[in-house]
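The structure's right below; bear with me while I get my questions together.
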Amino acid sequence: MRIKIIVPLLTSKYNSAVQEDIAPYIAPDVSVTVVNLDFGSPSIESRYDEMCSTPDIVSKIVESEKEGYDGVFVSCVSDPAISVARELVDIPIVGGFEPAALSAGMISKRWGIITITQSCACLIRDLATLAGIHQQLACIRSINQPIDELHQAPGKLEEVLLAQIKKMVSEDRVTAIVLGCTGMMGMAKYLSREMETVGMPIQVIDPSAVALGYLQMMIRAGLTHSRLEYPKLDLRERDMSCVK
Amino acid sequence: MRIKIIVPLLTSKYNSAVQEDIAPYIAPDVSVTVVNLDFGSPSIESRYDEMCSTPDIVSKIVESEKEGYDGVFVSCVSDPAISVARELVDIPIVGGFEPAALSAGMISKRWGIITITQSCACLIRDLATLAGIHQQLACIRSINQPIDELHQAPGKLEEVLLAQIKKMVSEDRVTAIVLGCTGMMGMAKYLSREMETVGMPIQVIDPSAVALGYLQMMIRAGLTHSRLEYPKLDLRERDMSCVK
Amino acid sequence: MRIKIIVPLLTSKYNSAVQEDIAPYIAPDVSVTVVNLDFGSPSIESRYDEMCSTPDIVSKIVESEKEGYDGVFVSCVSDPAISVARELVDIPIVGGFEPAALSAGMISKRWGIITITQSCACLIRDLATLAGIHQQLACIRSINQPIDELHQAPGKLEEVLLAQIKKMVSEDRVTAIVLGCTGMMGMAKYLSREMETVGMPIQVIDPSAVALGYLQMMIRAGLTHSRLEYPKLDLRERDMSCVK
Amino acid sequence: MRIKIIVPLLTSKYNSAVQEDIAPYIAPDVSVTVVNLDFGSPSIESRYDEMCSTPDIVSKIVESEKEGYDGVFVSCVSDPAISVARELVDIPIVGGFEPAALSAGMISKRWGIITITQSCACLIRDLATLAGIHQQLACIRSINQPIDELHQAPGKLEEVLLAQIKKMVSEDRVTAIVLGCTGMMGMAKYLSREMETVGMPIQVIDPSAVALGYLQMMIRAGLTHSRLEYPKLDLRERDMSCVK
Amino acid sequence: MRIKIIVPLLTSKYNSAVQEDIAPYIAPDVSVTVVNLDFGSPSIESRYDEMCSTPDIVSKIVESEKEGYDGVFVSCVSDPAISVARELVDIPIVGGFEPAALSAGMISKRWGIITITQSCACLIRDLATLAGIHQQLACIRSINQPIDELHQAPGKLEEVLLAQIKKMVSEDRVTAIVLGCTGMMGMAKYLSREMETVGMPIQVIDPSAVALGYLQMMIRAGLTHSRLEYPKLDLRERDMSCVK
Amino acid sequence: MRIKIIVPLLTSKYNSAVQEDIAPYIAPDVSVTVVNLDFGSPSIESRYDEMCSTPDIVSKIVESEKEGYDGVFVSCVSDPAISVARELVDIPIVGGFEPAALSAGMISKRWGIITITQSCACLIRDLATLAGIHQQLACIRSINQPIDELHQAPGKLEEVLLAQIKKMVSEDRVTAIVLGCTGMMGMAKYLSREMETVGMPIQVIDPSAVALGYLQMMIRAGLTHSRLEYPKLDLRERDMSCVK
């Protein structure tokens, strides 16, 4: 089984860290390729960014299917390009939000999301509304830090996230947390462990771990998006100037 | 007061018909300019079409603000580009869906939408979910006809719509109807009249009529989208290759 | 186009202030008449008050239609008499709540209402439930001041409202505010400006501004309440002792 | 324990039938008085009727408390005057809708209401929305017959109700039925029995039976409406021209 | 009329207190028998406890019907065994949760539950979700004390409950409270009185009072659970090793 | 990685068929053991059956953890014993319903469930309500056939399911189907193929395929149920007579 991960950045500098981070989540018969974008926004932190990056993500998904990949994970919690691409390809495609959010409902009936900025919080709240899961979603909090500042001061991100998560347990009474940015990779296990130490034994969900497991499940089960929900478009009959 | 209407087609051939159609909905102190797209999909009937046309719609909205327009109506029931553009401009922008859907709740507590294709029905259902109004929305039906076939056989569209609307009243028990495509212009009054004749006195909502009234209201009230909901982006600090 | 505004008080002393306040929201081809009640409660701040004032509001709406008015705005956020009157007349009628609440959903997906007393807060919460919009309504707060005290100490109302609205942004995380009393006229612009100054750029919705824009839209669009939702009553066949 | 039943008609001709019908639902230590209205609509089948009859119902509730009654049942499924009266008296008051609707949720998770006219269906749907129980309410159907025609042709009402209820089971898949008019008294047991005969063993809920049981429970439990929900009004400080 | 109360403990030591406590809620023509369990958990404070005690509760309900009882109240707010037993018997059965929760909606539109432990809070939240009433349920709080510690220090339970309930009024803005454990018997009236003293006149609902009133209503009305919702099982054709 | 599948039947006769059926859904580094029950109901088709079988399922889950299994799948769409066992063990446990239902929301926003009997339909509807996903769940239909009749007439099950699924697409307008019984194994692919042939290209979700993929994901991601949601019980301090 071959999976393509699209990290929607204009740089490949995090790709090896991504490969290392996701290794435990991949079955031995699965090979994973990580790619980035050739054009679009440097990162996706607004609806404008999403618009700019969507065409190239779609192109790379269409290309992945032609190359024989069995599925694609777009590594971003705003699920960019997912619904568009489903009109064009038959292989399963997942983003970072939906699998994590739906899985949260399996292990908790009252959970929250922690993300990076107010802009992302609004984007994610719209995705939660669309997914029909707002009933269990007790809160969306943000740490108010853009993604490129996240990893600058070592230990700073850990500290800020931990402080917010403690509030989510004590004030919002959640029993699980979804990390609302794939740039928080490596944090989930640390945070779970720290929370257990302080007597708040909460599950922290890493969106990449869940999305990749989900995608492998879909491929093995022969599942993909519904054609009645996403009627197929034939790109040969269409102007292709939008996607390369 | 100056309003720009963006009809997201690559042709201007319907513009004079649009001007004539919307004239009754415009106050005497309001001037309206109708423009089209320079690039994008020929029409918006899928998520792919929406992706292709969004960048040029956004460009034209940004341009409208620079030209001093007081507000913009994007004449399409899938509300394309609306949320992206709100990050970039301060003037109010409306699409065809939200004003019509929210107004339906004013005149009926159980209403339905009639649109053109299954693909549009899914797009519109997602918009209704996002708008949080699914409780009153009893059904979305489609006539299964792409937009370019709509006006070909004279009287055909009227006939097909009337048949579906009768079913929506008798089977789905709705008390109002939203027309789910701005290409159905001129139909609302005809359908209301015919339905009254057959003893089913139902309101049929024309999305353009409502959107334009809504936009004039926002401009007079000094209302626009919330900056906490759509944090402002400064395009000067951003790569502008996505919008012209 | 002729619009009647019913200010449901037993005094006409605020009428000229109302005329001045709403002037910017009225198109040049629209004339507005403001009237008051001949009997009923001095103001509407409870369900009992609403019961007492409803018959005369209904009478004045029936009369307005006979006089050839094109629509009526009942200037009160508890939407008194609206649904009763819709059974009796064909012209569109709006109150202060529904247009403001439905418009809030256009500019924000998480908003709140600020009103005067606990009693009004309960009345308004019921209206929100009826309108099916509770999903986006994050909170209803009250300033705990009856309406006749509102304008007594100059600057006091501004201060109290501003304090509550700041809490609604920081604690309830709303991105827009609906003013829950038409007696708060003139406050919306002041509050928006002040909130921008303190770095919380939130939209504050004046219910009269929105209702009047909404009503003009309905009149131009030829829209009115659904007869399937509000079956017509013939008052000639009915005992008229309830309305004058 | 003393209970007052207000049958909101201008005639007393059904009172003895009511007394007989409700006898099985009353504990031996409870005495019941049935009264009617002195003014108002002949019956409550529209929002206008409700407005006309509400003041006298409220007066009679206030009077009941003064006379030492322990609780009041307003025998009408549109729950007229209930929320107004709760601002004025301390004793528990119930209408026909809320107890029946909330009890339906105890014996079924998918149920429906059968009422007399489209107008009543809309009124009742609004009450269901207000009560927050729309999730379980699968349908509201009407037999399209005004209340004064209900008992004219013997056996006709039974036949019409039975036909609709069969459809509600087979088409709407409900597992319980609420009778949406107190004028359908005596029907619940007949309909339950007939439905069992045809292999559709469904519970049919008589609103009077449930409301009276509910009221007795509230009185014995010392429960009444919340004063935080319905702040108390002092009528001595108010104009009393609205209620006699 | 004969009612059986099953107090799901392995001891009878509270039975006479229960008899005394519920006496005011019982009509004079009703006799009440209180029984306990022969096997199961000492008390029901977790899902495991519920599993352990359910078979004997079911046995005792089946037995009650054979003995000619008209209805059964299982005195526990986690409603254990209720839905299972409904498949086996025809007489009405109620637990402590559903009647109290549905009744709360009659006297308040925004209410909360106070229970003993986090585990019970999760159990109860699931019941609320199942009952479809989460819209009005503003919060579930717990006092974090297991049931056997509840009555140890005299006055301690009163104090702890009062402190939490004050917070529920001021912070969660509820207008009524449901006591989330039948072990809190005798508290409701005390708490209502104390809250009135401090100017927060809130109704506190005792689950046993409401459940017993509810049960008497069902018996007098001839109501029971729907057979379409709980299809009847014939235990003679089944392995009986699960229930004694 | 070692997974235990508990097929909650008293016979092992389907185990090799199960092993064969699920083989494609299992990664090469995963070994699967299938076990059955020693006591309980012959199959789970009612709430009574669920009560009878739950204790032995719980015992077998506790035993699995002691034996070092990494996770357990209880192969039944009524999710029996899942929430109880989560209080006792740390390893992830899934049933047939939740993973399938949550995954349906990934590939469709309007889907339905097809199950075997009315009793199962009610059980499943309660699970859907608990999972908070009723918004997207358009219908639950049943084929009205107990599980032991399912495989008797060859081809009969296929035929009956296909007929119902066609109705779900045309009448209920769903875009995906969840098979509501693990006894329908092998049907999903057949039904998907047949539906594509008739021009209704719908995804049919096999609950075992999804649950096993889900479980593998949880194990690889180090995810399990939240301890704040399911507080841990120590069985050593508890009476163990309920589980063997």
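Just so it is clear, A, B, C, D, E and F label the chains in written order, and each chain counts residues from 1 on its own.
By our rule, a contact is a pair of C-beta atoms (placed from the backbone, for glycine too) under 8 Å apart; a residue touches a chain by one contact, two chains touch by 3 or more.
Keep in mind that this is a model prediction, so the values were computed, not measured.
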Report task. Taking CA centroids for every chain, report which one is farthest away from chain F. Result -> C
**Report entry** Centre-to-centre distance between chain D and chain C (centres being mean Cα positions), rounded to whole Å
**Finding:** 31
Query raised in the report: Could you state the distance in Å from the CA-based centre of chain C to that of chain F?
Result: 52
Query - Between chain B and chain C, centroid-to-centroid distance (C-alpha), Å - result: 27
Query raised in the report: Which residue numbers or ranges of chain E touch two or more of the other chains?
Result: 109-110, 122, 126, 129-130, 132, 135, 175, 228-229
Query raised in the report: Which pairs of chains touch each other?
Result: A-B, A-C, A-E, A-F, B-C, B-D, B-F, C-D, C-E, D-E, D-F, E-F
**Report entry** chain C-touching residues of chain E, taken from the complex the two chains share
**Finding:** 109-110, 135, 175
Query raised in the report: In the complex of these two chains, what residues of chain C are touching chain D?
Result: 39-42, 46-48, 50-52, 54-55, 58, 81, 83-84, 86-88, 117-119, 122, 126, 129-130, 132, 228-231, 233, 238-239, 241-242
Report summary line: The answer for chain E against chain D in the complex is residues 24-30, 94, 98-99, 102-103, 105-111, 130-133, 135-136, 169, 174-176, 189, 192, 200-203, 205-206, 209-210, 212-214, 216-218, 220-229
**Report entry** Residues on chain B engaged by chain F in the complex (per definition of touch)
**Finding:** 122, 125-126, 129, 134
